[in-house]
Each structure stands twice: as C-alpha cells, then as structure tokens.
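Take a look at the following structure, please.
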Amino acid sequence: MATVALIEYEDASPEVRAVYDDIREVRQTDFINNFWKGLANNPAQLRRTWEQIKAVMAPGAIDAMTKEMIYVAVSVANACEYCIHSHTAAARAKGMTDEQYNELLAIIGLAHQTNGLVSALQLEVDDAFKA
Amino acid sequence: MATVALIEYEDASPEVRAVYDDIREVRQTDFINNFWKGLANNPAQLRRTWEQIKAVMAPGAIDAMTKEMIYVAVSVANACEYCIHSHTAAARAKGMTDEQYNELLAIIGLAHQTNGLVSALQLEVDDAFKA
Amino acid sequence: MATVALIEYEDASPEVRAVYDDIREVRQTDFINNFWKGLANNPAQLRRTWEQIKAVMAPGAIDAMTKEMIYVAVSVANACEYCIHSHTAAARAKGMTDEQYNELLAIIGLAHQTNGLVSALQLEVDDAFKA
Amino acid sequence: MATVALIEYEDASPEVRAVYDDIREVRQTDFINNFWKGLANNPAQLRRTWEQIKAVMAPGAIDAMTKEMIYVAVSVANACEYCIHSHTAAARAKGMTDEQYNELLAIIGLAHQTNGLVSALQLEVDDAFKA
Amino acid sequence: MATVALIEYEDASPEVRAVYDDIREVRQTDFINNFWKGLANNPAQLRRTWEQIKAVMAPGAIDAMTKEMIYVAVSVANACEYCIHSHTAAARAKGMTDEQYNELLAIIGLAHQTNGLVSALQLEVDDAFKA
Amino acid sequence: MATVALIEYEDASPEVRAVYDDIREVRQTDFINNFWKGLANNPAQLRRTWEQIKAVMAPGAIDAMTKEMIYVAVSVANACEYCIHSHTAAARAKGMTDEQYNELLAIIGLAHQTNGLVSALQLEVDDAFKA
C-alpha cells in the first residue's frame, strides 16, 4: 500500500495532465504507471523527474535497452521491488532477450559477491586503476 | 589497509600461482591486482571466484564493455570504492568513451533518485509489469 | 509473515506488560504496534529498545515531528517497509503537512541521486568541509 | 582519488561557468566544491543537478537547516563519505547547534537499529499505519 | 511475483535435473525451494551457485548452524526478504534455539546502530586495529 | 577525518570518565578506541551505547567470538570501514583462527551473491520457510 494517494488522469490538475500527456506521447502508450500517479501529489517533483528521465534514458552513446539493464542493476542493489519490476519490464520491451537477461543476472550476482569480499578485505585501490 | 596480507606471486603456493598464471594468460597482462592477492589467503576461494569471473565476464549476449558498466553500477550502489575504481578502469580499457561514461553516471544518479522516491512512496507494482 | 510470533498483552509476561503499559502511558493510546509485539519475544531487548526510543525521540533541541521525518529518511534509505509506514504515520500524527511531506520526499530523492553520483565519482572531501 | 578530472573555473566552458556563477550567486560565496567540479565533465548533468538542488533545498515548508539534517541522515545510511562531510558542514553553516547535531546522531543510530531489527523480524505493517 | 518462471522438476532439462537431484541428495529432502527453480532458467548459473553453496556452507572450521546465522545477518543488512526467511528457517533446522535467535537479533540490531553512528562520525580507524 | 572532536580521558567530564573506566574494567585494557572518544561528545549516547554493547556482546547462548564474527558480517554489508576493522580485530582477539576467518569471508561473499540474485528475481517466499 502506497503512503500517498495515486492521482488518476481524471482527477489531475492541468499541470499534472500536461506531464501525463507528454509521457503518453513520448512512450507511445496510454498507460501511466503508478510511479507517476504517486509523484503527481507534488506536480513540480513530477515534472522535474519526468524531464530527467526523458533526457537521461533517451538513446545516446548507450542504447536504450542497455540503459534499462543498468537501471535494473542499480535497483537490485537498492532492493527496490517496484523499480526492479518496472525496469525489467522496460528492458524486455526494448528488446532484452532471455539470454541477455540471464547474463545480466549473473553479473549482478557476481558483482554483489566481489563487492562483499572487497568490503570485508578493505583492499587498497591499485595505482594502476587510478585515472 | 587491508585486513589480510597480500600474497605476491613469489610467495604463493603452486595452487595460487596456477590461478595467477591463468589470470595473466586470459587478460594478456602480467598485472595481478590486489583483489586476487587478498583472496589468495584462501586458495579455494581464489579459484572459485576467478572461475566465476572468467565465465560471467566473457563476451556473450552482452558485450564485455557493457558488462563492466553494469558491474560499475552495482559497485556504486554498494559504495565499494575498490570495485568502482577497478571496474571503471576495466570498462575504459574495454573501450568505454567519455560520452558513454557520462551517460552511465547519469543513469546511476537517476536510478538512485527514483529508487529513493519509490521506497518512500511504497508503491504497488503495476499489473502490467508482472511477467 | 513475521519470523517470530507476535506477543499480545493477554499472553505477555509481567516484564513485557510493564513495557507495554509504559508505551501506552507515554503515547496516550491503547494501540501497541507489531514492532513491540515482535520484540517481546526477548523482554530485555524490548525494554532496551523502548528506553532508547523514549529518550531519543522525545522533543529536545529538535522537535518531535522533525525527528520522525529524519527517521523516515533513514528508513527509506534502508528500504525498510514497516519502518517507512510506521514513521510516516508518526510524522503525520505529530503534525507533518502534505507540503512538508512533499518536500521531505524531494530531499530524499535528491540526496539519493547525489549520493549515487558522488559514489561513482569517488570525490575527495574538500578541505573546507573538514571540521 | 576521483574517477574524473575536476574542472576549475579557468578551464571551464561558458556553459559550465554559467552554472558556477549561479552557484556563487545563490550561495553568496566564491567557493565551488569538488562535487560541481566533478559533475562539470558533463555540463548537462551539472545544470540538471544544480537546478534540482536549488529548487529542493531552498527554504519552504521545511526550513533550510532541517533540510540539510535530513540530507545528512540519507547520506549516512548510504555511507557516502563526501556527502556526510559536505552536508554536515552545510547544516552547521545554516545554524545546527552541537545539541541538535547530537540529537541527529542519536536518531540516526536508533533508526538503523530498529530498521535492522524490523528487517530481521519481517513484520507485517499494522493496518493502523496504512494511509 | 518473480520476474522469471519457476522451473519444476518435471519440466526441467537433464542438466537442471542433475542439480536438483544433487540438492536432494545432499540435503536429504525432496523439497526444492523457489531459489533453485528461479535460477534454473540459466542452468550454468544454477550449477555454479549450487557448487558454491555446497562448498561454503558445509561444516568446517565454523559449524553449519553458525554459518546460517551469519548468512541471516548479511541478508538482514541487505533487506532480502526471501533470504531472511530461508536462512532463518535453515538455522533453526540446524539447531538454532530461541535463545540463540534472540541473541542473533540483538547483535544485528546493535551492529546496525553502531554502523550508523560510525558512518555519521566518519571515524579514523585506530592504529591498534590494523593487522 | 571525523566530523567531531575526539574526547581524551584527560579532557573528559566525570560522566564520560565513568564510562571510560567501565570500558577499561570490562575489557581489561587501558585502550579506549576512537568510537568511544567520538560518542563522548554526547555523554548520554555514550552511556546508552556502551550499556547495550556490554549486555549484547557478553557470552551467552552464542559465544563471544561468534558474536564478533556476526558483527563483522553486518558491518561488511553496510560498508562500514571502521566497524569492519574494529570487529575483525575483536574477533581475532577472541580466538578467530585464519581458517575460521576464511570461512567467514566465503559466507559473506556468497550471501551477498545470492541476496543480489534473489533481489533481481523477486522470488516469493516458499510456504515451507514460514514459521
């Protein structure tokens, strides 16, 4: 259960509707997911967040599917259930194959393991790794 | 300062040397970084970890550079200084450009922000995201 | 589902009842939430935890509502669902307005973003920030 | 050591200088801390981040000092050394007394403890806490 | 809801069945828990993970029950619901008493508290603690 | 560098000295580590924290060395450098052998890996694990 009410399009202010409309336009879908409906309690936060996502997640030097896989990796490390589900779905929608997903999971598992080992060992950074 | 001694090649047992030799062969470099020298206090752990990394980080359905970028993303979320430095260096060595690195940072920052917002809002996963 | 049984007042030992009674007295309510019912499996832990909360969360140099907002911020960072719900409810009960809650969320999101960016960049602390 | 070069004002592009100038104007100081110098490698990210901080951290329904204390709480939970130092300094600069700082620390310690206990106990959220 | 299908024995490939059979043999039970059924989507990952667990969790210089308690402690810190439930159950199955469980919880809570305080205080490591 | 001054015995108030004296008595050493010197800025917090540690870390149903190993496991997951060093040193002082330490590291690494995998897979808890 969310800590805030979810704002539906019908009940939204013009400022919120404008963001919802832009999400629909950019994503080419009518679907507005709960993340936006929750943020809509604070229209300025809704707009700031959407503007960032639109700018950062657009294809650039990294393609859109890879960006979603990186997003999944962060969300897993932060144990964010909603984020894991939504960005796994987004990565699949942008073309992630089962084989790629399996490799993503393997990297995530391995990275957590070596992060834990390194944290326990408190290793000094090798000079060779310094920029 | 590490919590364990770092085992140099000269002081290593044959079992440890065999892993070091394989690392050098696979990576085509003489350089053995501190992570391996720390793990070498437990030769079985050293071997298990290296075998995993060799299998998981080899190019597959995801290319080797992208794999390193995903590794960086996990390491940042886990605040693992050594891991961030070593995998950022590895991603660069495998061809990550400044532009790609900047986009990687932007995704990492954004994902942490939305992870935090979602955690605070305790949102229910939309049915549409369920596999 | 909890990993332990929840101890109701009726089934509680005198030592546990004494803590429950004090919680009711201090909070001016009959309601004992699940956190205490779970801790009650270890009466010494129950007492130690309650004594700490009573001391730390009382109004002092920081007012009680602000203390709850800080508690929410920590709980969000730790992705503790129960804690987020209970301390968001407590902050509201102590007077947090919707506007304050929206600002709290905005700070939490922003702080996670810059924490992630700083972790990725591995920045040195400026001398000016050292006490 | 940072994973990127720090961009000084003298070496900065006009786009970066404009942000630095605005930081100096808003904060009424010539000091530009390392966070901005690191972000300046990506001028668009620099601007987006500064615009957010300017909007979110300005006094509103929550005063500026309290906002910095909340920022410290998040940064501690994320173990972000740079962030802890910079926002502790900022909170002090905005008037946080030693007594308030001691109470902030006590809340942070306590919240981590109960977060850990709740995580271990896997408690169900009480109906009374649901919005 | 899992992000992947759970592979039942009946639907599993010979490679997956071989791992399931070994799990049953080593654990002396027919029960295959969801963790393995989820990993089975990637048979190589399934095998690697099982081989590690078999090697690491076997009684050695640390007894099997204590190993499970340590596993619980890590899982709590990572807020991994499934892991907390499964390893708490495993620790109990291997003989953990209620009294030991209560002490485990107390250590976990206390460690989180002092971790939080130390993070906030940014303390230097005493020379006496260096190996 | 710490965010607070470290209070030496000579400069301490009677209330702080009383805690320092008790630490020395219980631990049978003159050494007061930085954690206590930092907490001493808030004598009530110092006393509360010491009383808890004294109660929780004393040998009970779990022996004192195992308690320190569990403390290390939590501290690693929270990436708390000071805590990792101090509790690794404490575990060694209480008899942890190299072989036990190696097994501790292996469990910590493995638990992080499976925590990461489970987080990514979002697995449902098996009914068999419910208490």
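Some observations on this one:
Residue numbering begins at 1 within each chain, and the chains themselves are lettered A, B, C, D, E and F in the order written.
Just so it is clear, a contact is a pair of C-beta atoms (placed from the backbone, for glycine too) under 8 Å apart; a residue touches a chain by one contact, two chains touch by 3 or more.
Keep in mind that this is a model prediction, so the values were computed, not measured.
Common neighbours of chain C and chain F, listed by label, are A, B, D, E. For chain D, the chain with the farthest CA centroid is E. More contacting C-beta pairs link the chains of C-D than the other of the two pairs D-F and C-D. Most remote chain with respect to chain A, judged by CA-atom centres, is F.
Note on chain placement: the centre of chain A and the centre of chain C lie 27 Å apart, centres being C-alpha means. Chain B and chain E have centres, each the mean of its CA atoms, that are 21 Å apart. Residues of chain B found to touch two or more other chains are 1-4, 45, 49, 52, 74, 76-81, 84-85, 88, 102, 104-106, 108-117, 119-122, 125, 130-131. Arrangement of the chains shown, judged by which pairs touch: all-to-all, with no pair of chains left without contact. For chain B in complex with chain F, the touching residues are 1, 3-4, 41-42, 45, 49, 74, 78-80.
Residues of chain A that touch chain D in their complex: 1-5, 44, 48, 52, 55, 125, 130-131. Residues 72, 76-77, 79, 81, 84-85, 104-105, 108-117, 119-122 of chain E are the ones that touch chain D when the two sit in their complex.
Taken in their complex, chain E has these residues touching chain C: 79, 84-85, 88, 98, 101-102, 105-106, 109, 116. Of all residues in chain E, those touching chain F in their complex are 1-4, 31, 33-35, 38-39, 45, 49, 52-53, 55-57, 60-62, 66-67, 69-71, 73-78, 80-83, 85-89, 97, 99-100, 102-104, 106-108, 110-115, 117-126, 128-131.
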